[in-house]
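Please find the structures below.
Look for chain A in each of the two complexes below; its partner is chain B in the first and chain C in the second.
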Partner chain A sequence: MKNYLLTEEQIIALFNAAAEHYELYVPVNSENGQVFCWEKTARLDKMVPSNIQPTASIKKFFFPNSEPMFGFKKEKQEIELYQAAASVPRLVLGVHSCDLGSIKVLEALFKDTVDDELFREKRQNTVLVGISCSAKDWACFCSQLEINSRFSQDGDLFITPREEKYILSVTSAKGEDYVNKYLENGETVAGFTPANDLGEEETFTLDFPKIKEVMDSGFELPVWEKFARKCINCGICTFLCPTCHCFDVFDEARRERGARFRCYDSCMFPEFTRMAGGYNPRSAKAARLRQRYLHKYKYFVDNFNLIACSGCGRCIRHCPVNVDVRQNLNILQHSGSEGEDD
Partner chain B sequence: MPLAEIIAGKCQDCQYQEMDNYDELLPYPQKIGLTAKGENVLTAYEKLEFEKRWPEWARHFENCIQCFACRKVCPMCYCTECIASKNEPRLIPQSVGGKQNTVWQITRIMHLAGRCIDCGECERVCPAKLPLRRLTLKMRQIVNDYYKYVPGLDPRQDLFWSSYSKKDPEYLIFKPEEK
Partner chain C sequence: MTNIYTPYLAKIKKIIKETHDVKTFQLELVNPESKKKFNYQPGQFAEFSVFGVGESTFCLASTPTRPEVLECSVKKAGKVTSAIHELWEGDTVGIRGPYGNNFPVKQLKGKNLVFVGGGIGLAPLRSLINFVLDNRGDYGNICLVYGARTPGDLVYKKELEDWDKTPDFATHITVDKSAGNWKGTVGFVPVILGEVAPGAENAVAITCGPPIMIKFVVKELSELGFKAADIITTLEMKMKCGLGKCGRCNIGKVYVCKDGPVF
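Up next is the complex of A and B:
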């Protein structure tokens, strides 16, 4: 892994040098102090802050809220299919370790299991520049998932601020290509040790193998009902989650032309599993919440040996009714041995 | 800790702290000191020039992710099947984008005219921070101006949607006659 020591001017120049060929995305503060998503900018004027985690997660760049898969049109009696949108090279700045860590979950599915063209093109075309996180908040729990908030090798480049300067670590072949192409007179540093995780004020430790064990035989546990009591079945947790990836495919057409879309669907919605005949195998709220938890911490581990969670805390921070996955997992990990407490 | 510091912003300009349609009334631990904002959310917004309003809304609607938290949390969204979840025919586009989201949001707000009780929950839960209360307050204002009806205020009053009077103005259907 190569590391460069760059001044602020140098690092800004590095990203602006590619502005002609890349769309540049940065997390910026909007007027109400909220950062909903990375926003496109023509040029970088100053370095992005390290304390911003946008509300919408990084998956938007590879697996957007809704995207056209292909277009179709009918002329006379001929039906023609055509590519709906070409992906453009993008550079996303200021991505935290939690978001970077989530990408391998999406890749396990969209790249390794099926070769999903839409995902692959976008991922290949995007350079992800991580930044060392400087502000964990009350909802963060990435340390519990062994993600180092201060350093990550899951992206393409990674920035660690150091005394008015920046250390730029090259963490992938794509990142290396980028640096070779656009960096002028970079001074490399030897012996850079990445910073350790910030740590969290944890009141309990989540033992994921134990949780999986409880889940293996815990399909009928009464706690699911308890967890779901306050859930209102909106889609916030699933739509903001960087690893949730369920989608729906449908056609939208007007007159003689249209497109086939793929857009997020949520296991929290009752319509998600409703069959054409009207029967719904997951009609109960508790069954839907259980599905989400089992999918993340059990099924995905069974299938891919990965936990489909990166501890970004969005589902906790933005839940309208304070459903806290950490607390629920904690109850689960103790429910096997100590029995029920209500 | 003073109550004003922990209660939601929307409660700080609540106009209806004392209602009379209760069975039991618990004594307030503290009175909420009104910040006298009243309808400031709306009046402040209405100072914005007309031409500047639409671009602002377009930007907000762009951010909507159609998670339907506004619908799920709303005490007055009580349809057993929402129009946005209907498949055949699909009236609200399922794809997400500025235009499609606008259709959804405007449909929901219009449907709540005369029903919205201004609890402000839709605005509170919105992960994209859409200022929905501006729209719902405006609907309340229109309904009150034209029909002298404030949803939820007087349970003895005939419901807005299920009552008809010959005196009802028809501005919303016909253009007002020019004098």
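Up next is the complex of A and C:
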């Protein structure tokens, strides 16, 4: 891994140098300070913030809330299909380790069996620039998933502050291409040791193999019903989660023209699995909540050997009824299949 | 940019009205290239699109041994299936697939085959039955127990008559409730299966129908001496992508669309 020691001006110049060829996205703090997002900017004029985790996760760049898959035009009994245009190259700055760590989950899923070009093309066309996190909050739990908030090699480039300057680590071939093309007079440094995780106030340690063991031990645990009591099935956890990827496919058409789209769907909604005949295998709220937990911490591990969670904490931070996945997982890891205290 | 969700275009060659709410659509892929790519086996399924309305999942009821047409039998139940029922011959639709696994046609060679179907669940079985009839020498005797709610709900009536006249092919048709001038058997499929009592020796049973029927059919089959390994079923869940990505059709870690539908 190559590391450069750069000044703030050099970092800014490095990302502005490509502005002609790339759309530039930076994390911003909205005026009321409540909603954080990645916003497109023409030019970077100051250092990328290291304390902003946008509310909507990184997945929207590769797997947007809604995207056309193809267009169609009808003429009498004939149909003509149009393919979606290729995406514009993008440079996304200020990505935290939790979001970077989540991408491999989506990559595994979208390339499994048959490669999903819609996802792959956008990922290939995006340079991800991570930044060492300087602000963990009460909901963060990436340390529990062995993600280092201060350093990650899951993106293409990574920025770590060092005294008045910055270390720019090249963490992928794409990142290297970018640096070779746009960095002028970069001074490399030898012997860079990435910083250790910031740590977080842990009230308990989550033992994910143990949690999976409990999940493997039985489908009908009394805790599901208990967890579900609080949940209102609003689905916000699934929309904001960087690894949730379930989608719906639907058509929008007016007169003879239209398009087929995919958009986020949620396992929290009864319609998700309700069949046309009326039968729904997950009609109960507890069954839907169980599906979400088992999918993340068991099925995904079974199928891909990855936990579909990066500890970003969005599901905790934004839950309207204070469901805390950490607390639920903690209850799970201490409950056997024999039953829960309750 | 091409992508895996773009269907092949297909023309509706013929529409056959099976019952008051089931129609069979004979389709031909428009592009000769896509015809070459669309290689399927009995048991697989496809996504059928009506552009502007959406997509729905159906098993391929035809057999690859008769490559002239693809057939899907569609029961009118929701938005997409209602739109499919409104289509005319000559209309262009979308077909995406084939998806999923298939009946183990090689392992079934030399076996006697017991087919147990309920309602529209005969569709995937029909694909295999016709496949077996087209490779008659490779398989043993066929026994079919098929039932529907009423005589009016029986599908593929013409074929059922033809099959009945075929040597080494015993057909047992039943209805839950008699109506009109029905002179045939009345009774639930698992009960009739028990009465017919096909031998389990060197036999494999293949069943498809409503979940509750499958449950009792499996029970009946095991009482007849069929081992679990000799009972094959096809399952159904709500599906969208057909490729194991959209996340809804899983039973545990298994995705019906890519790991099934044949289990």
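Definition applied: the second predicted complex is superposed on the first by the 330 of 342 C-alpha atoms of A that agree within 3 Å, B and C clash if a C-alpha of one lies under 4 Å from a C-alpha of the other, contacts with A are read in each partner's own complex, and residues count from 1 in each chain.
Keep this in mind: a residue touches a chain if its C-beta (ideal position, glycine included) is under 8 Å from a C-beta of that chain, and two chains touch if they have at least 3 such contacts.
Bear in mind that the values here come from a model prediction, so they are computed numbers and not experimental data.
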item: Contacts of A:N303 with chain B and chain C, given as first, second, both or neither; value: second
item: Partner chain(s) touched by A:L240 [first = chain B, second = chain C, both, neither]; value: first
item: Chain B versus chain C as contact partner of A:F110, first or second or both or neither; value: second
item: Partner chain(s) touched by A:H295 [first = chain B, second = chain C, both, neither]; value: second
item: First, second, both or neither for A:T205, with chain B first and chain C second; value: neither
item: First (chain B), second (chain C), both or neither touched by A:C37; value: first
item: Partner chain(s) touched by A:L118 [first = chain B, second = chain C, both, neither]; value: second
item: First (chain B), second (chain C), both or neither touched by A:D248; value: both
item: Contact breadth on chain A, by residue count: chain C or chain B; value: C
item: Chain B and chain C footprints on chain A, overlapping residues; value: 248, 250
item: Residues on chain C engaged by chain A in the complex (per definition of touch); value: 1-6, 9, 49, 51-56, 77-81, 88, 90-94, 211, 236-238, 240-241, 243-253, 258
item: Contacting residues of chain B [partner chain A, same complex]; value: 63, 65-69, 71-73, 85, 93-97, 121, 124-125, 127-129
item: In the complex, chain A residues that touch chain C; value: 69-70, 72, 74, 77-79, 81, 83-86, 109-110, 112-118, 121, 219, 245-251, 253, 258, 260, 262, 265, 267, 272-277, 279, 281, 291, 294-295, 298-299, 302-303
item: Complex interface listing, chain A residues touching chain B; value: 32, 34, 36-37, 55-56, 65-66, 68, 232-236, 238-240, 248, 250, 252, 261, 263-264, 266, 269, 271, 318, 320
